[in-house]
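Quick one: this structure, given as structure tokens, is what I'll be asking you about.
By letter and in written order, the chains are A, B, C, D, E, F, G and H; residue numbering begins at 1 in each of them.
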Amino acid sequence: MGEDQLRQLLEQVREGAVDIDAAVSRMRHLPYEDLGFAKIDHHRALRHGMPEVIFAKGKTPDQVMQIAGRLLERAPNVLITRADRDAAACVLEKLPCGEYFPLSGAIRFWGDKTLRGKGTIAVVCAGTSDMPVAEEAQLTAEVMGNEVEAICDVGVAGIHRLIAHSAQLMEARVVVVCAGMEGALPSAVGGMVSCPVIAVPTSVGYGASFHGLAALLGMLNSCASNVTVVNIDNGFGAGYVASLINRL
Amino acid sequence: MGEDQLRQLLEQVREGAVDIDAAVSRMRHLPYEDLGFAKIDHHRALRHGMPEVIFAKGKTPDQVMQIAGRLLERAPNVLITRADRDAAACVLEKLPCGEYFPLSGAIRFWGDKTLRGKGTIAVVCAGTSDMPVAEEAQLTAEVMGNEVEAICDVGVAGIHRLIAHSAQLMEARVVVVCAGMEGALPSAVGGMVSCPVIAVPTSVGYGASFHGLAALLGMLNSCASNVTVVNIDNGFGAGYVASLINRL
Amino acid sequence: MGEDQLRQLLEQVREGAVDIDAAVSRMRHLPYEDLGFAKIDHHRALRHGMPEVIFAKGKTPDQVMQIAGRLLERAPNVLITRADRDAAACVLEKLPCGEYFPLSGAIRFWGDKTLRGKGTIAVVCAGTSDMPVAEEAQLTAEVMGNEVEAICDVGVAGIHRLIAHSAQLMEARVVVVCAGMEGALPSAVGGMVSCPVIAVPTSVGYGASFHGLAALLGMLNSCASNVTVVNIDNGFGAGYVASLINRL
Amino acid sequence: MGEDQLRQLLEQVREGAVDIDAAVSRMRHLPYEDLGFAKIDHHRALRHGMPEVIFAKGKTPDQVMQIAGRLLERAPNVLITRADRDAAACVLEKLPCGEYFPLSGAIRFWGDKTLRGKGTIAVVCAGTSDMPVAEEAQLTAEVMGNEVEAICDVGVAGIHRLIAHSAQLMEARVVVVCAGMEGALPSAVGGMVSCPVIAVPTSVGYGASFHGLAALLGMLNSCASNVTVVNIDNGFGAGYVASLINRL
Amino acid sequence: MGEDQLRQLLEQVREGAVDIDAAVSRMRHLPYEDLGFAKIDHHRALRHGMPEVIFAKGKTPDQVMQIAGRLLERAPNVLITRADRDAAACVLEKLPCGEYFPLSGAIRFWGDKTLRGKGTIAVVCAGTSDMPVAEEAQLTAEVMGNEVEAICDVGVAGIHRLIAHSAQLMEARVVVVCAGMEGALPSAVGGMVSCPVIAVPTSVGYGASFHGLAALLGMLNSCASNVTVVNIDNGFGAGYVASLINRL
Amino acid sequence: MGEDQLRQLLEQVREGAVDIDAAVSRMRHLPYEDLGFAKIDHHRALRHGMPEVIFAKGKTPDQVMQIAGRLLERAPNVLITRADRDAAACVLEKLPCGEYFPLSGAIRFWGDKTLRGKGTIAVVCAGTSDMPVAEEAQLTAEVMGNEVEAICDVGVAGIHRLIAHSAQLMEARVVVVCAGMEGALPSAVGGMVSCPVIAVPTSVGYGASFHGLAALLGMLNSCASNVTVVNIDNGFGAGYVASLINRL
Amino acid sequence: MGEDQLRQLLEQVREGAVDIDAAVSRMRHLPYEDLGFAKIDHHRALRHGMPEVIFAKGKTPDQVMQIAGRLLERAPNVLITRADRDAAACVLEKLPCGEYFPLSGAIRFWGDKTLRGKGTIAVVCAGTSDMPVAEEAQLTAEVMGNEVEAICDVGVAGIHRLIAHSAQLMEARVVVVCAGMEGALPSAVGGMVSCPVIAVPTSVGYGASFHGLAALLGMLNSCASNVTVVNIDNGFGAGYVASLINRL
Amino acid sequence: MGEDQLRQLLEQVREGAVDIDAAVSRMRHLPYEDLGFAKIDHHRALRHGMPEVIFAKGKTPDQVMQIAGRLLERAPNVLITRADRDAAACVLEKLPCGEYFPLSGAIRFWGDKTLRGKGTIAVVCAGTSDMPVAEEAQLTAEVMGNEVEAICDVGVAGIHRLIAHSAQLMEARVVVVCAGMEGALPSAVGGMVSCPVIAVPTSVGYGASFHGLAALLGMLNSCASNVTVVNIDNGFGAGYVASLINRL
């Protein structure tokens, strides 16, 4: 319930059109509607000015499809993340205007392609195996109205390859860096650019990488001051925050 | 690039042999000087347009004082973090223009108070015990040219107190949230605002807080998409990134 | 105490040689019978006044069915948790009066629907993916004679949706809160109600959620004083304790 | 702000005594007052019907004393936990009606000794070293209006000593069990009683006890269904929830 | 090489039957033979007076069968642990005198049934799900020449059932206790008996049991002094050490 | 069973109304007396045939002294472990017949030096820094009536030094091995002897030894089958179990 | 440096305008080419004088085959690690000159068999189950031009078997030791030889081996000073560094 | 006992000068001598051709001094690590020819300064706070006969400063890299050089550095293949292995 609606309600109280019991009761209820298994908040889009997002993992293909259908009735842009092939098939059969990206498992409905970001977002990844996470970040940033520059396979152990991209990196307004194993890339990138760097640890690696923990700890301890961190494999979150920053 | 080469370059600028764009571009690369125990990169300030920062922990009072003295010859703003009372006494005896903040252990030299941030940065903390970390974030953001709105003691278990600050929060361009124990505050704040939220887990708590680990994990798993995280107790990092974002 | 001794005791009761108080007191101690692979304590129901419960995981479908059959001969209410489809098929073929809930894997035999709880138990879950755990809690509380109010999908990042349910929550005598990821919901609910809150961390999440560890630590560090915690995904335990409290 | 005050406000709107802008503004503000370093919510006591509590650790003696003084102006019962001798001296000099318990570090102001709990709360501890935590639980439950039965030094390895207390335990309405090392006592107690058991892992032990982690994990995995768990050494939380349950 | 053989060799040196080079070379080589992928030490049996044991996990069915065949040529008793059905089929086809125990995955060749232990070994397990580990311990102790008393499903939460077995337990010369979840049973048993107790944590449980870690830590912190611990699920190790002790 | 009942029982023994077998059997159950802060079970000595033991850490010097005094009235042998110099001073002033061992912090009252163990217990330690733990094991084994052979500073990296002690090791009836860092010594010793080996991880080391965790995990995963493990630094527990085994 | 610049440089070499020292020096910096999903640095071989290596896990069979094909056009020796049977089939169909080693999952193209190492590299493994990791180390060392001495199944618990290989070990110029479980073998080997020992923890084990963590921690805490460690199961890294050392 | 002595002994056997019992007994004993609290193996120096080393932590000043004195009677070079000021004072009073380095806590006796390494060892550290560990590595390498090039304060976030040292790094025969926090420096250095890199994680950092764990995991997961790792803060081990490699 926005301030306008609250004022409207109070005016109705003043005018006697709504009695006090009803007013109290309505003031307790914020606007959402009930789907049985999931309450959808159409106002969230309004509040954040952002597309709707569905995290598909842990939901049945049918649940994903139903929520997506409902959201698409009101939102031009919908992003589904972590959908497996079954969920993708089920969604795209009913909602064929979407596009499926099997690497990251994203399904994107991109009806409104207005550019909203003021500059470029660079999405950097350390190795081929980090690409699913980088793709999720890129798709998110794009559907939120940003131009994205993707830079792939520039690990810390080949620092010359990273330096070769320094011009691109310095032109970006925000940089997203995805890296597994030792997770050192955000520190190196952070030292090269003056803008905010969002680090995404990936679960790429084996043994003492402990499913991304090594990269996560590395990034949290970055000696570059312009680095913040999101959850392991959370390409979506990184793309989302990068988009918020790029709108400022 | 040694000092000789730098002088040569500046002479070329004076003579018009090198234009300013080219000179700035060349100066971005590499000069530093040798202090014996620590190499100081004066150009880092130039590169980031930011004050110099010294992390005092693990350095002797004398080392801290010497580095600070050196930096102050060229930089108007210097921030020293995590200085104990001995270090503060040693620094302020020689460099009396600084101010010591015992709660956070920061010493601030604030010669240039130009406002550089475009909006307000809100610094929120969950409880009284989180205030040292919040103070570090606030001092950092201020010395980097930002107006800071401090909101204290608004934990998740008293959600009405947080809501009472919603107007202030919604007006901020970036929000820094410091919280220990379960670290839930950034999620609640993240759901209330549309701007980026930088979460700082603090080591406040006992038992299964494991010195901030519980808060850190909570924040990394935030269900609010606009949250990124920095290291436990890293108020400086949060203030720094918030400042970068607020300049955009 | 063997079966002979039990008969002897009951005869003494019939003859008036032992009064009922003394008999109940003596019956609290020890009898069980041997099934080869598992000793079943029929008196546990008597002692706790509770239905029998079988944890199906780690048992073969046949073992589950046999134990269930045995228990149903004497107990009107039996709850089987964590049964996969094979176990469910095997059990329901032999014991068709049960009902299978595939989301949580529970099978419920609910012969005696007497209400025993004095008020309502609210079972709250943060997201759609937490529903299997919430369902286990709800089924448990119901089979133990309680009215349950289920509130779904009210995460901390959409605090207004939680607040919309405050009336329902405040009317409950006990609240069970199931949440994964950062596990912040119990703190927010705990701050809204004055009754005991039983927090159930769920394994929902990825990366640094570490299979529910993040939520577990968050809940143990809750800044709301009325929160206690059970094991990850232990919907049964939460429903069980909530029922005990609701009988008081 | 309670419902009465809200209705009063709406009536004032209806009557025109308060204009809409003022109403909106007042509705945004919940009642607390500002102390500079800590906001105190007098309404929390009203909401929970509970005494005020101050966690002294991480606060200066002076902060503790000031908050306590403020609270005592309106609340008859105040409990300060984890106060060291310095804080206790500072508080009791200004507020001599309190009593200091050095074992647990609690300071108790117990102006209103009304019994509010309906039955007895048993507080059990496994060994002498667990007594500080048990004392914190006992003091909390008492100041909240409960009769407490303390049972000390009844570890699992001397099961006969525990059994000797079975009558006392079975008469309790709630049981709090404090144990370090392997943390097995709550399971044994849980099997003996039919009421809720609140388990408090303590940091007592060495080596692989990992400061209470072993006990915490043990209690979370209890095979007794009537056990819930609070944070390591959180005697206060256990006493608090036990009191809530005992009022039902 | 035993002392006899060494003396023999030195005598040959003294007598000139073996020259010094040959003696040095032979003294360097201990007796084993080469199978290509695994060196088998027939002398281990001699040294320990124990049957040969093969850990099947991580070996191919064919490798298991070959090693078993080789060992059976010289050892009457061979125990294979952790064999899946494929390995069992492959082994028993070639070596049909063995017996397969699918619960624990053990295959036992028991040619020499001489009793070597002086008393009885009790093998206790907390729940039905712990039976595979208990079975491994029992089969090991039996093949090493011991009488085993198996006591099943006597968890800590039903302490009366454990007490019902106290006579059996007190008669044992060594007790092996297998328990998952909170792993409290060895403490309770340890307090009842005066003989050594060997605790085996099992991976039974879920959530915060962390695959047996909770039970392991619990047992290492046992307040009963007569408890030592082996690896999670290591029924074999417990049976082995119990047998060594029972021979003393 | 209270003191009255005990007297009654002993009178019945005197009168011949109860024979000694029955009396011993009845005395195994339950009597203790109340000291206010700690219940002392004098019958534990009778039950285990063992001296009384006090774990001094976490108790005040006065508490230690009082418990010790009480126990010495009835038990000839009392062992206090982990006593600091203050506790030792307090105890020995009142009870001068004890001996303090500052390395391990043990205080030993050794009134009855009867040999009860049938063979020798070898106590081996890997390095000089492991000696406090080894000393605790040795003192325990001695006060429990065993001959102890101490072997010091025989680490795995100098395997020849270990082998030089093989005769001593092979003659022992039980071996206790204390080692920090990688904790490999029990495996090497375990391969050399046929008797039970009790491994004690010590907290010796730094960095990735994680206060004994590395040694603990190493020992739990020992490839020698005759190894069981006790808690980190638990020399007492190892000496205790070794003594139990040596009496068999 | 793009391709154009490289051609220009080579022409200058041909024309004598740039001498070979200068050309090699300039070629050390930066050229690579774009393959879409992965940038391949042909100069890495030149820089390290080493074969090309592809880590197959996390890449599709087709990706592996394409990268391999590309590399083989210019490099005589290519090693693919961690390839499953599908990847191997796909690669060898197109590139039949390779050899597949199913135990370790390596595919080796060994066109240039020049010996480059000055001495022998010993690759030791503790048990049969460690052989996949040892094989990866051996294949790597061989393809990098070294003679390898493989020593298998010489665990710490059978120290005499290890000693039997002491001559071979002492002749090696570098030793690679692969061990799971307690990971003690590198310490024992490290004490026997004077050359560098590279320890590879393997994920062999169960329970408290925690997928190689126990072995990793053991090796990091080795009391032998000549031991360094690589990641769990990283046979390739160990073989690689051993080869670098053996070339010195 | 070397081979020569063995042959001599066997000849004495052949000649009858030593009887068989004596020979067996002497063959069991390797040459060391007994100091009561620590066995010193003079042959270790012979075997490794290295100076003697004493780890002072966990030993009393007097123990350190005694061992040092004993070793200096036969070895020209002795290195004591981790000595605090008390130990240093005690040692240097008796043995004034040593030199104390308070940063790292090393005491060095450097009688024989023969150069034994063939090239230069570079010791690199990321920040001022890593210098104690780097100093330990440098002192070790020097006392073992190597020329050391120390490069300080070249973190990954200022990659240009690292590159400025590339010539020095490429000339080294082995590189030791000490870094705390994210531990990324070894990867960057590893990509720049072709020689072996020994990575030393330091405990520098706070919060999620977990006392060096973040750096340790980062280094174990290095994407540079020429990196091996030693324990946290183990500058000595790195300097030792670097010296072994540099002698090859």
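Note that in this section a contact is a pair of C-beta atoms (placed from the backbone, for glycine too) under 8 Å apart; a residue touches a chain by one contact, two chains touch by 3 or more.
Bear in mind that the values here come from a model prediction, so they are computed numbers and not experimental data.
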Which chains does subunit B share as contact partners with subunit F?
D, H
At the subunit D/subunit E interface, shared numbers over all numbers used: above half (same) or below half (different)?
same
If chain centres are mean C-alpha positions, then the most distant from subunit B is chain E
Contact-pair overlap exceeding half with A-C, pair selected from C-D, D-E or B-D
B-D
Distance between the centres, which are taken as Cα means, of subunit H and subunit E, whole angstrom
41
Any idea how many Å lie between the Cα centroids of subunit A and subunit B?
26
What whole-Å value do you get for the distance between subunit F and subunit H if each is reduced to the mean of its CA atoms?
37
Could you please state the distance in Å, as a whole number, between where the Cα atoms of subunit C are centred and where those of subunit F are centred?
43
Check: subunit B positions touching at least 2 other chains come out as 127, 158, 163, 207-209, 213, 216, 220-221, 231-232
Every chain pair meeting the touch definition is listed as A-B, A-C, A-D, A-G, A-H, B-C, B-D, B-H, C-D, C-E, D-E, D-F, E-F, E-G, E-H, F-G, F-H, G-H
Interfacial residue positions of subunit A with respect to subunit D in the complex:
3, 6-7, 10-11, 13-14, 16, 20, 23-24
Report the residues of subunit G in contact with subunit H in the complex, numbered from low to high.
47-50, 53, 118, 173, 194-196, 198, 216, 220-221, 225-232, 236-238, 240-241, 244-246, 248
Please name which positions on subunit E make contact with subunit G in the complex.
28-30, 32, 37-39, 41, 44, 57-59, 63, 201, 203, 211-213, 216, 231-234
So in the complex, the part of subunit B that touches subunit C is made up of which residues?
126-127, 155-159, 163, 180-184, 187-188, 190-192, 205, 207-210, 213-215, 217-224
Quick one: in the complex, what on subunit A touches subunit G?
127-129, 131, 152-154, 158, 160-161, 163-164, 204, 206-209
